[in-house]
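Each of the two complexes below includes chain A, the first together with chain B, the second together with chain C.
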Partner chain A sequence: MGVSGCGKSTLLKLLAGLYSARDGIVEVQGLRRPEDIRKNVSMVMQNIMLFPGSIRDNITCGHPMSDEEIRQACDAAQLSGWIAALPDGIDTFVGERGGRVSGGQAQRIAIARAIAKNAPVVLLDEATSALDGDTSMAVLSALESLTKGKTVVSVSHRTEALAGCSRIFRLEGGRLYSA
Partner chain B sequence: MRNISDIRNLFRTAGGIRRFIILTLLRCPFDALHTVIHAVFLQLAFEAVNSENLNGLLHVCLLFGIGSLLLFLYNGTVWMLYSVYVTKWVGKIQRKLFGHISRLSLQQIEARPSGEWITRLNADVQSAAALLNQPIHLPHAVLATVNVCVSSVILILFNLGIFGLCIAFVIPHVLINRLLIFRPLIWFAMKVQEAVAENASDMNTIVTCADTAILYEAQGFLLGCFEKSSLELRKPT
Partner chain C sequence: MSLFKKLLFKRIRLVALTTCISVFSAIVSLSWNTQLSIIINSINANRSVSGKTVLNTAIIVIISAAAAYLLGLCSGFACETLAHDLRMGYARHFAALSLPEIENLNAGEQLSRLQNEIADISGFFHANLFAVADDLVKFIVTFSWMLRTNPELTLSSNIPTVIVILYTVFSSRVISEAVQRSRQASAKMNGFADTLISIFPVIRLFNAGPFIREQYNEALEEWENASIMAERRRALLMSLSALLSSTPLLLLLLIGGAQVINGTATVGTIYVFINLSGNVSGIMMNMPGRIAMFRRFSADLKRMEPFVSI
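Right, the complex of A and B next:
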């Protein structure tokens, strides 16, 4: 945890292999090369950016995936009920920048994408900070499915969002302190 | 972009220089042939008028019509091939740029605002396309109008009958031009605008969704979407 702007998201991007460290080493699952790390990490961010494609495209990211795998990811992400009610189902266009779906739905699509990747490490960047009352239960339930049995690094500026974490650190001035 | 070595580098990147040279050479004879046909027509028409040979004048007009039609067909065909070539060439440059950006690290992408990437993508491609596809400039249009006006005045002073004959050719030409070329051109421009907007949106995605695309190895998928909308750009041609 840490205040806004202290570098929490940057730290997560380093852990995700999205940034390369200028000094020191980033090691995840015994891997140090960013491209290897990225294969073992999935991430859910606060500001979800969906691709301008279908729900299916946003879950598979163009990778070959069976209908059963997609269905399981949608079930776990609490999306199946909503998708079943859509005229085009899983092939519904989410709009440019996800403009045709709500914030909660976009977040659950991002969670389904992370579930479908099935990476051993899950990074959550303020994943529960922008939830409204109607969708928060569904998203929290989806996050539970995503993180079950995985190594989870969750970042938040609110202490209550980190309930259930085994270890909590405070990031301050570029250093981590045990909270 | 303006010096020869930059142009050479651009063609080295996108290829197609041989086709460009051939098509440019094919475009060259049009103006010369156009002038020759007009000159021969005027010469023969004046000779026929001077000798009061109405039959000869009709033959000359018929030959002029056939010659102009063939020249129009030749020019249209070359321009069509040239447009297809330019569209494909621009598409190739765009795909190369898109592929290059999609392979950049997130740090490099985030170092500049997304708007700057999109502007650079569009501006660079447009300036590359301008090398091959310069539009008709305003001075061209002014020059052509002045030429037409001066020619008309000379012709009226010289022979009102010949002027009337020319007008009889010009009016159907203008009408056909408006009905068969101008209207489809507006429709075509609108379609291109829509396709360009979709294409730009796909370009935008690689910048705004860079972190997700890199983390989930979706660059290939986004490149596929971009190629698809690039093909839409080519469709109207």
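Right, the complex of A and C next:
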């Protein structure tokens, strides 16, 4: 947790191997090289970024994945009902920068993508901020069961989104304090 | 073509002035050729050329130079004004969009339009617009004068060019369609630059580089095939039209030469006809290229039409 601008998203990007630390070291799963860290981390970002492709492309990112794996990820992200109602189903084009889907749908696609990667470390940056209360709780509950045995680092303003967390920290002045 | 009409009507006075100077320039050119014909016929008949004729010719040459200068100045100014109106219309369109519409735009594709279509349209304005108009005026004025001077020679040497015109209309249509496809493929390919920048963190985190590269390569291949097809068709169709368009000059030499031998035409008239053939058959010979360029220009305008507010 932490106030806006305190560096929560930056910390997650450091943990994801997207940024390199200027001082000190970043070690995730015993790995220090950003390219190695990235292989072991999946992340749902605050600013949802989708490829100008289909829902399937956005979940698989072009990697070989079975239909069952994709279905599980969609179920967990509460996407399956919406996808079933689409004429082109999972092959529906999401538009340029996800312009053809709503903010909530785009966020759920991003969550499904993070689940489908099946990485040992999952980083969630305000992962359910664009979802309504019920959907948010359903997604968090699904995430909880799917991330069993994995390390989940979640950043949120909403305390209810951190309900299942084993440890909660507050980021202030560049330091972490136990909350 | 409604965008073209809007652009022209917005600057109708400037366009009309340039067209009037073009007509005046064509008439002066004909007067110069008439004087030349008189001088050649006088020399051919072993008569001396009068001082008055020489003075008239000198005055016509000076007026012709002044008309060419004025035409260059006015057409240059008009073309730059039209290109400026187009660029401002493009900017005005985006300024009037709502936020959701802006959010759905692909910056790469819009930039591609700015770099390709608008640059090509501006280029056409500068290099061809008034050159085509000037050619048209020269053609009408010169052809009318030729018909009045020697109708038999004019018709017999120029009527076969109708076949060339029909052929060029067909070929330019084929070229235009191929160019349109090539442009669409180019815009799609350029759109990837925007995608790469906007979703770069996701590409790195989810190792989606090969996936994006594959999509880019598909778009690149599509553009490559479309461009090769467009250029191949253009080369094939234009080489045949170049062959066809040499017919009028050959007929002019053949029929005109026979008329001079038979005494039904003077050497001066044939000389002027050959001299002015550039204004009639020459323009027809250039027609495949001109029409192809105009087709390309109209295809660019058609693609720009939804994005320009005039």
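We take it that the second predicted complex is superposed on the first by the 157 of 179 C-alpha atoms of A that agree within 3 Å, B and C clash if a C-alpha of one lies under 4 Å from a C-alpha of the other, contacts with A are read in each partner's own complex, and residues count from 1 in each chain.
Following the convention adopted for this analysis, contacts are C-beta pairs under 8 Å (C-beta built on N, C-alpha and C of every residue); 3 or more make two chains touch, one makes a residue touch a chain.
These figures come from a predicted structure and were not determined experimentally.
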| item | value |
| --- | --- |
| Simultaneous placement of chain C and chain B on chain A, clash or fit | clash |
| Which superposed partner A:Val41 touches (first chain B, second chain C, both, neither) | both |
| Partner chain in contact with A:Gly89 - chain B first, chain C second, else both or neither | neither |
| Which superposed partner A:Gly81 touches (first chain B, second chain C, both, neither) | neither |
| Contacts of A:Pro52 with chain B and chain C, given as first, second, both or neither | both |
| Partner chain in contact with A:Pro120 - chain B first, chain C second, else both or neither | neither |
| Touched partner set for A:Cys61, first chain B, second chain C, both or neither | both |
| Which of chain B and chain C A:Ser20 touches, first, second, both or neither | first |
| Chain B collision site on chain C, chosen from 6-14, 24-32 or 96-104, when both complexes are overlaid on chain A | 24-32 |
| Common interface residues of chain A - those touching chain B in one complex and chain C in the other | 13, 16-18, 38-39, 41-43, 45, 49-53, 57, 61-63, 96-97, 113, 117 |
| Parts of chain A lying in touch with chain C, wherever the complex brings them together | 13, 16-18, 38-39, 41-43, 45, 49-53, 57, 61-63, 95-97, 99, 113, 117 |
| Touching residues on chain C, where the partner in the complex is chain A | 103-106, 191, 195, 198-199, 201-202, 204-208, 210-212, 214-215 |
| Chain B to chain A touching residues, read off their complex | 105-107, 201-202, 205, 208-209, 211-218, 220-222, 224-225 |
| Interfacial residue positions of chain A with respect to chain B in the complex | 13, 16-20, 38-39, 41-43, 45, 49-53, 57, 61-63, 96-97, 110, 113, 117 |
